[in-house]
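Next come the structures, one after another.
Below, chain A partners chain B and then partners chain C, in two separate complexes.
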Partner chain A sequence: MALIEVKAETTGMVWKIGVKLGDRVSEDDTMITMESMKMEVPLLAPEDGTVKEILVKEEDPISEGDVAIILEV
Partner chain B sequence: MEFKKILIANRGEIARRVISTCRKMGIKTVAVYSEADQGALHVREADESVLIGPAPVAQSYLNSGAIISAARETGADAIHPGYGLLSENGDFAAECKKSGIIFIGPPSQVISDMGSKIEARRKMMALGVPVVPGSEEAVDTLEEALELAQEIGYPVMLKASAGGGGVGISILSSPEELEKGFQNIRDRSRLYFGNPTVLLEKFIESPRHIEVQIAADQFGNVVHLFERECSVQRRHQKVLEESPSPFLSEDLRDRLLASAIQGVKGIGYRNLGTMEFIFGQNGEFYFLEMNTRLQVEHPVTEAVTGLDLVEWQIRIAQGEQLPLSQERINSQGHAMECRIYAEDPVRLIPSPGTISRLSWPMDGVRIDAAVEEGTVVSQYYDPMIAKLVVRGEDRQETIGAMNRALSQTQIEGIKNNIPLLLNVVHNDQFIRGNYSTGLIADLLKAMKKKGR
Partner chain C sequence: MGFEELMKDLEERKTKALGMGGPEKLAKRKAEGVLNARERLDYLIDDGSFIESGLLAKAIRPEVRHKSPADGKIAGLGRINNREVAVVSNDFTVLGASSSSINMKKIRHMKKISIQRGIPLILLGESSGARMPDRMGAAGRATMGQDPTEYMRMREAPMVSALLGDCYGSSTWYTCMSDFTVMRKGATMAVASSRVTSIAINQPVDPEELGGWKLHTEITGFVDVAVNTDEEAMKVIKDFLSYLPGNYNEAPPKYPVPLETNDRSEKILEIFPEQKNQVYDVRDIIKCIVDQDSFFELKQRFGKSIVTSFARLDGKSVGIIANNPKFKGGAIDVDAMRKATSFLVLCDSYNIPLVFLADQPGFLVGVTGEKQGAPGRIINWLNALTLCTVPKMLVIMRKDYGQAYLNMGGGQNSDEVILWPMAELGFMDPSVGVNVLYKVTEKDDPIRFKQLQDELARDTSAWDLAGLYEGHMVIDPRQTRATLIRLMEIYRKGMNNGVGKHLMRNWPTSY
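Up next is the complex of A and B:
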C-alpha cells in the first residue's frame, strides 16, 4: 500500500467533488471537476485506489500543483 | 444620428478591435474593466475607462447595471457588446434602450428569440429553412427522450437550450447511454445557464460547420457576406476558420446563402449576424443556430471582402442604410484564421499564467491580440489570447502563409495550442479540404501516441 498525491493540473476553482472518503476509484475516473478559464477540467484518478483524504472543498480556489486528493493504491 | 462616443462592454482583443474602428471613424471610446484587467491593452487604448468590478465576470463584465451606469456617466451614445459576455443578452439590450443608450446589435426581442434554440428552430422551420430532425419542445423526462431518440435514430445529441460555445452538449449512441446521461446534462445546464431545459436532436456524423455572415438594416435590406468554414473544432469550439469553404460547390453555396437570407428576412433582423449550418457528408445542410452579434472569426470575412464589419455594425446602429448592395459585395482570394488558446495543446487543459516572452510573425499577418510580454492571462476569462489571420490568392497559398505565421509566433510562460494548429495545417485531409469536425480529435489521438 502506498499513498499518492493527486495534484491540480491547472489553476482555477473546485467546482464539483465527485468522490467521498473511502470511495474506490479506477484509473481515469473523474474525482474532481475544476473550472478554469470558463472550462470544465476533470481531475482524474492516476491509478486504481481508495480515496484517503480530500484536501479541497467545492468552490475553493486551487492552483496548479496543489494537492487535491490523497489516494491509497 | 452620428455617434460621438461608444462604450465597449467587453475585454481583450475584441475590445481593441472595436476601439480601432471607432478611432478610424472619429468616435471616442470608453473601456470598462475588472480589477484583473487594470492596465490591460484595451484600457490603455480607449479614450476613457471605467472600473466596473472584481475579476469574476458575474461581478464585472456581466454586471449590466455597472456597465450602463458607466455609459451614462461618460456620456456614451451607444454600447458595443463585442462577442460573448452580454452580447447575446436580450435583457441587456432592452436595458440599454430604456436608458436611452443605443445597443449596437439587433433588437432585444430578436436576440431573445434566437438565443432560445427552441424558438429559433421553430421560427426557421416556419420560414422554410431546413432544421436538424429532433425535438421541437424541451424534453423534460427521460421517457420522452428515449421515445424520440427511438423515432429519429441514434446517435442523438442532448444540448442545453440556453447553451452555446459547446458547453452543455452530450452525444449518446444508445438507449443505455441516454439513460445514464440525461440527468447529468440537465444538472449541468442548470448550473451553467441557470436553466435545466434540454433539447434532443439527431446527431450528424462527421459533420461540417459552415456559417453565413449576414447584414441587415432597418429599411429591410438584407445581404450576405459569404460563408466561413468552421469545421476545425476542439470540444465543439472553433479553432481555425476559413473562407471560402473548400467543401461547397457553386450550386451548394448558392443554396446555402439563399437559405441564410431567407431566414434572416423573416425575423425582423437588424445589424450583423451569423447563420450557422451543419452539413452532413452528403451535402445536406440544416440550420443550427443564429449568432446575433459579431463573431470571433469576422476577420476572415473582412480579409476576403475588404470590408470593415465593425464599421458596418456602427453605421447600421446609427440608422444608416447598408453601405453596399449585394451585387457590390465580392469575395476575393482565400483567408484563414487561427485562434491561439492558452492551453495544453494535446490535453486541452487551460494554462493561465504570465507571458514571459512573446514574438509575433512578420509582415502580412493580421494579429488581433490582447496580450504582450508580461501580461497575466487570467484564470477568470476565456483562454483565447490572439487570432492570426492570413490571406492568399488561393487556399494552398493561404495554408502556406498560415504555416509560416504559426511557426514564427513564439509565446513563452504559458502553454498554447500552436503545436496543435501546426499539426492541422500539415494534415493531409486538411490540405485536401476533406475534413470534418472530428479532425482535431483524430489529430490529438495521434499526438498523444507520439507522446509530445
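Up next is the complex of A and C:
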C-alpha cells in the first residue's frame, strides 16, 4: 500500500467535496469539484484507492499543485 | 557433399536458429506470462505471410557465435490485415537481444525496405542495449554510426515501436523516432538501465521511476498506449496501422460502416450539458459523431485537456483534436500543446484529414507553464497547423476563447468552420474580462459588474460569428456527423487523390 498526493491541476476554489475519509474511489471518480475559470472542474482520482486525508474544506482557495487529498493505493 | 546432405544441413541449421535461446530460457518466459520473440510475430503477422530475413545470421565474435541464433533480432517481411509490413522482433533469450554490428545490419535492411517499398516498419523492442565487449574502445566506436541515415526520419512510411521488456539502446532510440509507441506495463525504457544508472550516480534507482509506463504515458508522453499483455500490444499495433496508409503516397484504407452507427448522433444533446459551467467528457461526444467502435485514442494519459484520436467517418480515417472540459475545464496546458502538435504532424504526414472540436477557455496561464516554455509550444502548434495540407474542419461546440481559438483551427486555420448554436466567442470569459479590463469585481460592485459583464457578452454568439462569415454554417449538433461526412466527400480527394504535400515530413520526432 502506498500513499499518493492528489493535487489540484488548476487554480480556483474548492466548491464541493464529494468524498469522506475512508471512501473507496475508482480511477477517474470525481472527489472534489473546484470552481475554476468559471467552470465546475472535477478533481479526479488518479487511480483506485481509499481516501486517507482531506486537506481542504469547501470555499478554500486552492492553487495548481496544492495537495487536496491523500489517497491510499 | 551431395545435395541431399546439403539440404539436410540447411534444415538442421534452420531448426537450431529457430530454437532461439533454448528451451530453458523460453520456458522461463512462458512461466512469467511473456511471449517470446517469435510468438509475438505469430500474433502480429497474418498466418503464412512471414518471410524471415537473416535466420542464419550470427554474432561477429567467434566466441559467442554458437549461442547467437539470428544474432538476437528476428527480422522479416509479412502482412498485417493483408497489407505488407517490415518487422524486427528482439529476441531477449539470445544475448539479451543486445545490439551488434550484424543485427543492426538487419534493422538497416528492414528500414531500407520500409522506405523504398513504402511499407510500415514495426520494431518489437526488448534489449539490454549495446553488446559488450563489441562496443568497447575505439574499435567499438568503429562499429557505430556507419549509416548516416540511421536516425533520420522523413516519414515515408509509418514506424511503430513496442516496448515489451527492458528497453535500452536501440529500442529506446527507435521508440523516440517512431510515429506510435505501445508499452506493456512492467516494461521499462530509459537511456540506461537502472543498474547502470545506480552505479553511475551512486544512488539506488527504481526501474519504474526511471522508465516505467506511468512515467512515459503521463510525464514524457513518449508512449501512446499502455497495455497489460504482449497480445494486447500486438492488437493495438494492428489497430493503429488500420487508420494509416502503407506509405505517405497513399490515402488511408476504407472500412465498412457498422450499421448501429446512425442512431448515435441523437444522443449528443442528451450528453452535452445545458449549463455552460458544467463539464463533460468530450470522448462521449466524439463517439456520437464517428463510426461505431472506430475511436482510437493516442496519449490518453498525457495532456488530458486535449483528446487526440483517430476515428472513422463513413469508413474513412480522420484525426480528431478535441478540447476536453473534464480535465482542467478544457484549459490547454503545455503537455496538451505538445500532444496536439505531434498529432497534427502525424495526421498530415499520412494524409489523414483533421477535425477540431473546440470548447476551451484559453491556454492555462501560470508560472508552471512559463517554465515549460508555453509561448514556444503555442507557436510550434500554430506553425504545424499552418503547414498542414490535409483538409481541416473545425466544429466550435461551446466556448472558444483567446489565442487558442487560432490553435484550434479558428480564422483561416481550417477549411470549414462549423458552429453549434451554443458557441461563445471572445478573448476570455466575460465574467473574468470585467476584472481584467475595468478592474471591477462582482464582490465590490455587483450592479456595475453585471452591466459590464452583459456588455462584454454582446456579440459573442454563434449568430454573430456566422453573421461575419467567420463561421461558414451553424448546425444542430445532431447534424455534425452528416455535415462532416458531406464536407469530407468534397475535400478529401483534393487535387492529388487524397495525398497531401507533407510539409512536415522532417519535423522532429521528439521535443
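In this section, the second predicted complex is superposed on the first by the 73 of 73 C-alpha atoms of A that agree within 3 Å, B and C clash if a C-alpha of one lies under 4 Å from a C-alpha of the other, contacts with A are read in each partner's own complex, and residues count from 1 in each chain.
By definition in this document, a residue touches a chain if its C-beta (ideal position, glycine included) is under 8 Å from a C-beta of that chain, and two chains touch if they have at least 3 such contacts.
Just so you know, these numbers come straight off a predicted model, no measurement behind them.
Asker: Just to be sure I read the superposition right, which of the two partners does A:I17 touch: chain B = first, chain C = second, or both, or neither?
Answerer: So A:I17 meets neither chain B nor chain C here.
Asker: Could you tell me if A:I69 is touching chain B, chain C, both of them or neither one (first, second, both, neither)?
Answerer: So A:I69 meets neither chain B nor chain C here.
Asker: Could you say whether A:V25 touches chain B, chain C, both of them, or neither, answering first, second, both or neither?
Answerer: In the superposition, A:V25 touches no partner, neither chain B nor chain C.
Asker: Between chain B and chain C, whom does A:E9 touch in the aligned arrangement: first, second, both, or neither?
Answerer: both
Asker: In the superposed arrangement, does A:K38 touch chain B (first), chain C (second), both or neither?
Answerer: A:K38 sits against chain B and chain C alike.
Asker: For A:V56, select first, second, both or neither according to whether it touches chain B, chain C, the two together, or no partner.
Answerer: neither
Asker: Do any residues of chain A touch both chain B and chain C, and if so, which are they?
Answerer: In the superposed arrangement, which is not itself an observed complex, chain A uses residues 9-11, 36-39, 41 for both chain B and chain C.
Asker: Which residues of chain C touch chain A in the complex?
Answerer: 277-279, 325-331, 361-362, 364, 366, 368, 429, 431-432
Asker: Spell out the residues on chain A that touch chain B in their complex, using ranges where they run on.
Answerer: The touching residues are 9-13, 36-39, 41.
Asker: Which residues of chain A touch chain C in their complex?
Answerer: Checking each residue of chain A against chain C gives 9-11, 36-42, 44, 64-65.
Asker: Show me the residue ranges of chain B that touch chain A in the complex, using the header's touch definition.
Answerer: Interface residues on the chain B side: 167, 235, 342-343, 347, 349-353, 379-383.
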